[in-house]
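Okay, so subunit A shows up in both of these, paired with subunit B first and subunit C after.
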Partner chain A sequence: MSLLSILIFLPLLAGLLILIIPASARNSYKYVALAAVCIQVLISAYIYLNFNGDVYSGVDTEAKFQLVERVPWINLNLGAMGKLQIDYFLGIDGLSMPFLVLTSIVMLVALIASWEIKVNLKGYFALFLLLDTAVLGVFSALDFFLFYIFYELMLLPLYFLIGMWGGIRREYAAIKFFLYTLFGSVFMLLVIIGLYFSVTDPVTGNHTFNMLSMMDPKNYVDGSIFSALANAEFFGISARLIGFIVLFIAFAIKVPIVPLHTWLPDAHVEAPTPVSIILAGILLKIGGYGILRACVSIFPDAAVQSAWWLGLIGVISILYGALNALAQKDLKRMIAYSSVSHMGFVLLGIASVTAEGISGAMMQMISHGFLSSMLFFLVGVIYSRVHDRSIPNFRGLALIMPRYTAFIMIAFFASLGLPGFSAFIAEAFSLIGAFNSSSINGLLPRWMAVCGSIGIFLSACYFLWTLQRMFFGETRLMGGDKWKALLTDVNPRELTVLCILTSFALVLGIMPSLAFDKMNASVLELIRLVNLK
Partner chain B sequence: MPLLTFFGSLIFRGNVIRGGAFAICNISLSLILSFILFMQVWNGPAIHEQFSWFTIGSWELQVGVLLNNLSVLMLLLVSGIALLVNIYSTKYMQGDPYIRRYWAYLGLFCFSMLGLVIVDNLLLIYMFWELVGFSSYLLIGFWFTRSTAVRANKKAFIMNRLGDLGFLIGIMILFSQFQTLDVTRLFGADGLVKAAVVSGGSWIGSAGSMPAEWLTTAGIVFFLAAVAKSAQFPLHTWLPDAMEGPTSVSSLIHAATMVAAGVFLIARVYPLFDDTVLLVIASIGAFTAFMAATIALTQNDIKRILAYSTISQLGFMMLAMGVGASGSALFHLVTHAFFKCLLFLAAGAIIHEMAHLKEKSGKDFDPQDIRNMGGLRKHMPVTFITMAIGSLALVALPLTSGYLSKDAILIQSFEWAEGSAGWHRLIPVSAMITSWLTAFYISRLIFKVFFGEFRLSALTGGHVHEAHAAMRYVLVILSVFCLFPVFSFHPLLFEDAWILQGFPQIDSMTRVNAFHTVVPAAVNLISIALICLCYRWYAATAKAPDYSRSVLFKFSQDQWHIDRFYSSVLVSGTTRFAGLLYWIDRHIVDGLVNTAGALGRRLAAGSRWIDRYVVDGLVNFSGYLAGVVGNFVRHFQTGRLQHYLVTMLIIILTLFIFKYYTAAI
Partner chain C sequence: MNEFASQVPSLMQSIREGIPYFLPEIVLIATFVCVIVTDLFFPGKKSVYTLGVGIAGIAVSLFFSVLQFQALSEPLRLFHGSLTIDRVAGIFKILFSGIVLVYALFIRGNTRLQDHVKGPGDLYLLLPGVLLGLNLMAMSSGLLMIYLSIEMISIVSYLMVGYVSDSPRQSEAAMKYALFGGVCSAIMLYGISLLYAFTGTLILSNPAFMNGLSEMPQAAVAIAVILVLVGIGFKLSFVPLHFWSPDVYEGAPLPVTAFLSTGPKLAGFAILLRFLDPYYAFQANGHATVFDFMPVLSLIGISSMIVGNFAAIWQDNVKRMLAYSSIGHTGLLMMAVVVHSANGVKALIFYLMMYAIMNMAAFIFAAKIEEGSGAINISDYKGLGRKFTLEMVCFVVILMSLTGLPPLAGFIGKVLIFTAAIEQYSSTSSVWLLLLLIVAAITTVVSLFYYFKIPLNAFLRSSEKMENMTPKRDFLTYIAVVLTMLLLVWGIMPGMLV
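Entry: the complex of A and B
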């Protein structure tokens, strides 16, 4: 039992414990969950501190992964079809380790935000912890089958969390979210099976779901559909390209990209605050992580082929998301669209296949994890007080909630890329990488980076406009004095959360080496793999 | 040593706690340190210290501090003026409920401004560049309950962001071309930019090459950054609005230091500019100077006049940069910092008194409107004298510092035009006209404010008196810095100025001696004539001809309609476009998704119908059939023996007959 397994299954055990505890002790649920998540934070901090980024560069070599755990899981003798080999295969490298830390912290934040939840506590916290397990599993699984199981496992708790504890249109949002994601992942399963039949384990000779084996062209069976040499084609398009596109769409729905993003505003707006935090803070990153881990690593040739389109989608997402955010009247929806815009930088950075671009994209995911959690948390603060979050209904909040306004300003300015905060480094390097790409590998034209930088400008517009409309000026509220009494400044619990998130964004902005040092080697390894083709 | 200054200025952030005294202590400390550094570095070897900040991929980012003539001069200037403004603010901002925030913001500004001038890496300059913009955002919106102030700071930040965009693109181009962002390695004497050559339509750098247009683009985007920060046309409209902040802030940030950062940036990246870009810089500078001066002619808000005057003077600096006189540009930057800071602080003193008067009398009037003032020279003699000195420096009359620097710019631009094509001469000529306009608008201001009778004495009855000592001394010190001996012992010849000698002289231009006498003479004689005219119009007879109905007057008073154009065309255009996109998002993109969902539901309903009536219908039908058959057969199951016997008999008979006849057939 390695540290990773403990990390992954600890929340599950805690969830089971909650199911067992009788309903009369329902107040203890949140403390059980809190204990589990706190231990998880400690473990991931330990993993972070002991992670040696230079040695364990990972990506495609098992020996270069840290905390590897590989146990045969399902071994079926299928007679003529050979042996079915599925391993319980975990391990981390510089691409996944940062997300384990991010997940633990965002989960902690989401859990503290869950104090507001008042109904059906048993179900809520059990599902919450199940979700936690699934997310951590996705980030550490190296067997594609295992990865897929964890990936699908996330949907179940999320569906219920949105559908049962959400806002007014929660059922619509939950179903939309569920079907959208399922649509992507069902086709992903087909590709996984195709890969399974194409790849053999170099040691045992069996077909395998091992992702690392899938990254080595030598392991492909001659004449199998995804073999690079066989050059199999469907409808005149090479099978590997199709495989790439299908996997990409599955993950891109999560990211999300324009035009597959419309689940996001609905799901974010209807979800309860903690679930919005998890959605924006972690789930979107699974999309980006999946693109790096699965799409680009397994189909590097196809990734290079379609880099131009990826970059274009990134730029469109940045601009389209930003302009949509500008048009919003609902604060939460505005932030949801800003997420679309910010995640566009991730795609642009990845598409550049340069060290700066991919590091920038990774940094953007981490930074957006903290900042979007903070933003949704802040919306939650105001919504829990007056059950309204429409921008025109508020004015001059700075006078009655000065500390809250200070945090809103920090979150807004950090999100719009003020230097000193993590988003600045992330966006700057995604763009620098994208611009540099045409000099290094000629994948992306320079205008894409230039257009992308307009997104930074637009983000200043929508954040500052909101700030001006909601927080400054003389106080004028839609609900009059009743609201004024309800709108108290942040309480100590909220203050704790906000301070945690602010400090992470600030520390990463001032000392980005804390993150870069851990992932540099992996990023370079990934680029080497792609250039190898 | 430079690291010490760096940390010294970092301490500023903590100054929330003890307020003014602490802030002043800190800024004096950094002034002393800057002075020591200045003595060490000026005309000596530059200090350059670096450490590794972070590594990304295999590229290590080295950052550090670079102190050369340019940066120590700026260091001294910024910390010096910041100290004076800090002292001034203790009285000016007294009694404000949010005074602690004020000191904190001011500290943040000083930190980022000092950081901006000493760091050696473009990425770091960019960071401090934005931080400067951010602290200016905070300070403009210091009185955040005023909606005009909040709108002004949003506008300032967004316009500056547009410039930042240019800066970022410039960084991308240079990084891609040279794989380094170190200022010395890029722009040093034997730097990479100089080593890069343009040949065969492509620009070849040390790490890559790209089409030659990108060289021009790089210059233009850096200039765009400077345009936004230094409020040049077409991004100048934020500066007049930024006057919503406290006057001390306007004086420090929006007159003396921050707006000069654009000029500083141009000086830092100067080797990058090719001829096209330099021409653009010169033209924009000249145009801005002219435009802003014409606007300043008709404004009535004292701070607005000074703001447009600042824009105009910054235009002069840009013009100088464009014609290759970078030393003169920086010289003018320094002299302008002092006299404009002085003008603003003096205006602040007046506004302060007027606001007091307004409070006392309870009447409603605009304390910043010069039409409400007049005759103040009797009540505020120190303010009057110092402000007059500042104005003389602004007009560039002999014996002032402004004379030295502005004449340097004018003469050099004439020399530059001499060596270029015909229409280039428009630039120095327009600059000369601008300096006459300057003489007019500033003397209009002085005469309206200080001469004649106090226009509100009937309304308020109150008396205005001299500003507080702390404010007064600051004004006096500043006015000393507006006089020539500080900069050059020769009152008439700019070439003797020590600041100019600290920067590389341009030798491409031939010295045309005629200009050195004709230009200053022309400027000064006509300026003096205009001042006299002003005196007759606004002070002596107080009967100015009324032009307020003329088209030109309105054009100028409405600030060339630029602001109106922006808000009605660009801003509402963008928001409308955003609204349109959102509509598309809701109804087309999401509409497709919902249609797919609805289609799915229809399909499901259809298959339900089929399932119910066709598939299930068949099943039910077979069941029904079985039932019917069963019912039919049931009739035979009567339970009576006789019936069974009869049935059996019939069956046997039938079988028998059947068998019999089949055999026969």
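Entry: the complex of A and C
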């Protein structure tokens, strides 16, 4: 049993423990969960410190993955077609390791934010920990079947977390989120099975769900659906391109891209604060991670072929998200749309297929993980006090909540890309990648990078305008003196969370090498793989 | 008459040779007689002795079925080919015994049937009889035998559906079922007589059967085959022969509905496989296609998936919703029948096994919740998650499995069917298979929508009128919980089964 398995299944065990503990001891649930998540943070810190980014560059070679664990899991004899072989296959490289660390920290933050959950604690913490297991599993799985199982396993706890503890329109938001994601993933399952029949394990000769085998053109069976040589077609379009598009749509719904983003504002707004934090901080990254790990790595030829479209979708998401954020009156909705905009940079960076662009995309995902968690946490602070988060209902909060305002300013400025914070590095690298792409590989035209920078400008507009409307000027509140009494400044618990998140955003902004050094070799390896075609 | 006299010894010989392999069924016949006697003279309180004798007999028959299955290597043809015992039939027989056993306990645990003036005794009587019919259905390989076994199940089912007809609605359901069933079997009999006229034999495995058909005009064969498919389709309730099922499911007592949605449906698939076998074998031997099943079965599959899943969205009654969902599942299973490869059959059997568990458990929980709270509509489930936590959590797990979400057995079943279809597609590139796959994927998403109306009401909404509701947990609840656990275990480790 490797460290990864412990990391993945520790929350699950803690969840089962919570189910067993009788309801009379309901106050202990959150401490059990906290203990599990703290151990998880320690383990992931240990993994981070011991991860050697240069040696374990991963991507398509099993030997270059760290903490590999490979056990045969499901073996069904299918007669003529050989064996249905599914492995319990885990491992991490520079593309997945940062997300393990991110997940652990965001989960810790979300858990501390869960202190405000008051009803049905047993169900809440059990589902929370189940979700934790599923997310960590997605980031560590290297067998596509296993990956899919963890991927789908996330949906159910999220449905209930949004649906049971969410806001007024929670029913609608929960099922919308579920239907959107399932729609993408059912078709993904068909492609996964198609890939299974196209690929054989070079050692055993059996068909395999191993993602790494799927990345090597040599392993494809002659004449199979997804073999590059066979050039099979569905309705006149190359099968590999269709496969890429289906996988891309499945992950793009998670990212999300415009026009598949409409579940996101609903889900984020209706979800309780901790779940919004998890959604924005981690789940959106699963989309980006999936695109890198599955779409681009398995279908590099189709990825290059459609890079222009990917870039375009990225740019549209950046601009459309930002313009929508500008128009919002609900603070949480504004932040949700800003997520759409910021995740657009991820897509733009990936589409450029340059070292800068993909590093920038990775960095943007990590940075956005910390910053969006912080933003949603900050919204939660106000909402938990007065149950309102409409921008026009607040004015001059700086006078009554000075510490809170300081953190809002940090979060806003960091998010809009102020140098010194992680988002600046991330967005700068993505844009450099997009800009250089036309001279390096000719995939993206320069105007896309230009449009991307307009997105940064727009994000400055909506963040600063919100800051001005809500925090500056004379204190005028919708709820009058009653609200004034309720709006106390941040308490020590909230302060801890905010300090953790601020320090990560700051440290990554000043010393981005802490992340880049670990993932650089993997990014280069990925680019080599794409250029091999 | 005398010209046949010379053949009599050989006929007798074949019957004598067949009898040892017929042991599980002989046990059932004996049980049937014993149960009648017991129920007449020593019924016990609420016919509990009748139930005991019935269960004991079925268990003995199951034991012999298992022995037979283990000893089986080559397909056995009994009684001049009227019956065939192969591994598929063996698995089906074991499965049917399991279903009938759970069904018997379900009747025992259902207060509505127990408290009825008639008492449950007569219902217990029918159990060995229906199991005999199901077993024969799994084994029959002669057209006459197919007809007889289908009729045997049908007649028993008519009795069960109409057993408690308190309201006009229930009488209507029973009447509808009997009339519809009668018409369908008449049509089927007509098809069988045509086939017999074309070929001069009733035995499917007889070479004369296929040779005879291949010499007939294709249109004539098509009519005969489709007429037979109508009879089988009635049992499977695929579109367009599905009209009876929502009404009957709603009108029948819950245990009967649970049985109807599993037993006869599985048997229908067993017969369908057997009926298709000679055609595919004939084709595989390099002969011309006698009848192309692909378009017909694909169309049936596609329309069943679409009609079943979309109609289910608008249902509020739990039983009707499950009825439509089971039409949708039939469509999905038709996909495995269309594939008709070794893997297709394997996938079909695995899925049917899981489907039987899922439906049985779902109906048991629906019954338990109805008993505890009086809720028969999904909209009455509001807030029940708080009082009926165990029942509702298990129910949600079953619904997830029905949708086909990992890590549950329903997901593995779906993956196996998709795998078989994609495997077939990669060798034939048939547009029908591609369409089936796409429709199956889309309807999976649709099915999530209506299945999740149950957790939506039970957990996401709340209701005030819950004071006098208490979950009544008995052995039946725990049986259903065990079945739910099986779904989880086989979802994570399907290797244990296949």
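Here is the rule we go by: the second predicted complex is superposed on the first by the 533 of 533 C-alpha atoms of A that agree within 3 Å, B and C clash if a C-alpha of one lies under 4 Å from a C-alpha of the other, contacts with A are read in each partner's own complex, and residues count from 1 in each chain.
Operating definition for what follows: a contact is a pair of C-beta atoms (placed from the backbone, for glycine too) under 8 Å apart; a residue touches a chain by one contact, two chains touch by 3 or more.
Every value quoted in this text rests on a predicted model; they were computed, and no experiment measured them.
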Touching A:Leu495 in the superposition: subunit B (first), subunit C (second), both, neither? neither
Which partner does A:Ile249 reach: the first (subunit B), the second (subunit C), both, or neither?
neither
*asked:* After the superposition on A, what does A:Phe516 contact: first (subunit B), second (subunit C), both or neither?
replied: first
**Message:** Touch test for A:Phe234: subunit B only (first), subunit C only (second), both, or neither?
**Reply:** second
In this superposition, the partner of subunit A with more touched residues, subunit B or subunit C, is B
A:Phe429 in the overlay: touching subunit B, subunit C, both, or neither? Say first, second, both or neither.
first
- Task: Pick one for A:Phe178: touches subunit B only (first), subunit C only (second), both, or neither.
- Result: second
Once chain A of both complexes is superposed, is A:Ile400 in touch with subunit B (first), subunit C (second), both, or neither?
neither
Shared subunit A footprint, subunit B vs subunit C, residue numbers 179
The residues of subunit A that touch subunit C in their complex are 74-81, 84, 148-149, 152-153, 155-156, 159-160, 163-164, 170-171, 174-175, 178-179, 182-183, 186-187, 189-190, 193-194, 196-198, 224-225, 234
As the complex stands, subunit B meets subunit A at residues 53-59, 123, 126-128, 130-131, 134, 141, 144-147, 150-151, 154, 157-158, 161-162, 164-165, 168-169, 171-173, 175-177, 207-210, 214, 574-575, 577-579, 581-582, 585, 589-590, 593, 597
As the complex stands, subunit A meets subunit B at residues 176, 179-180, 258-259, 261-263, 320, 323-324, 326-328, 354-356, 359-360, 396, 398-399, 413, 418-420, 424, 428-429, 431-432, 435-436, 438-440, 446, 449-450, 453-454, 456-457, 460-461, 464-465, 467-468, 471-474, 511-513, 516-517, 520, 523-524, 527
The residues of subunit C that touch subunit A in their complex are 341-343, 346, 400, 405-407, 411, 415-416, 418-419, 422-423, 425-426, 434, 437, 441-442, 444-445, 448-449, 452, 455-456, 459-461, 493-495, 498
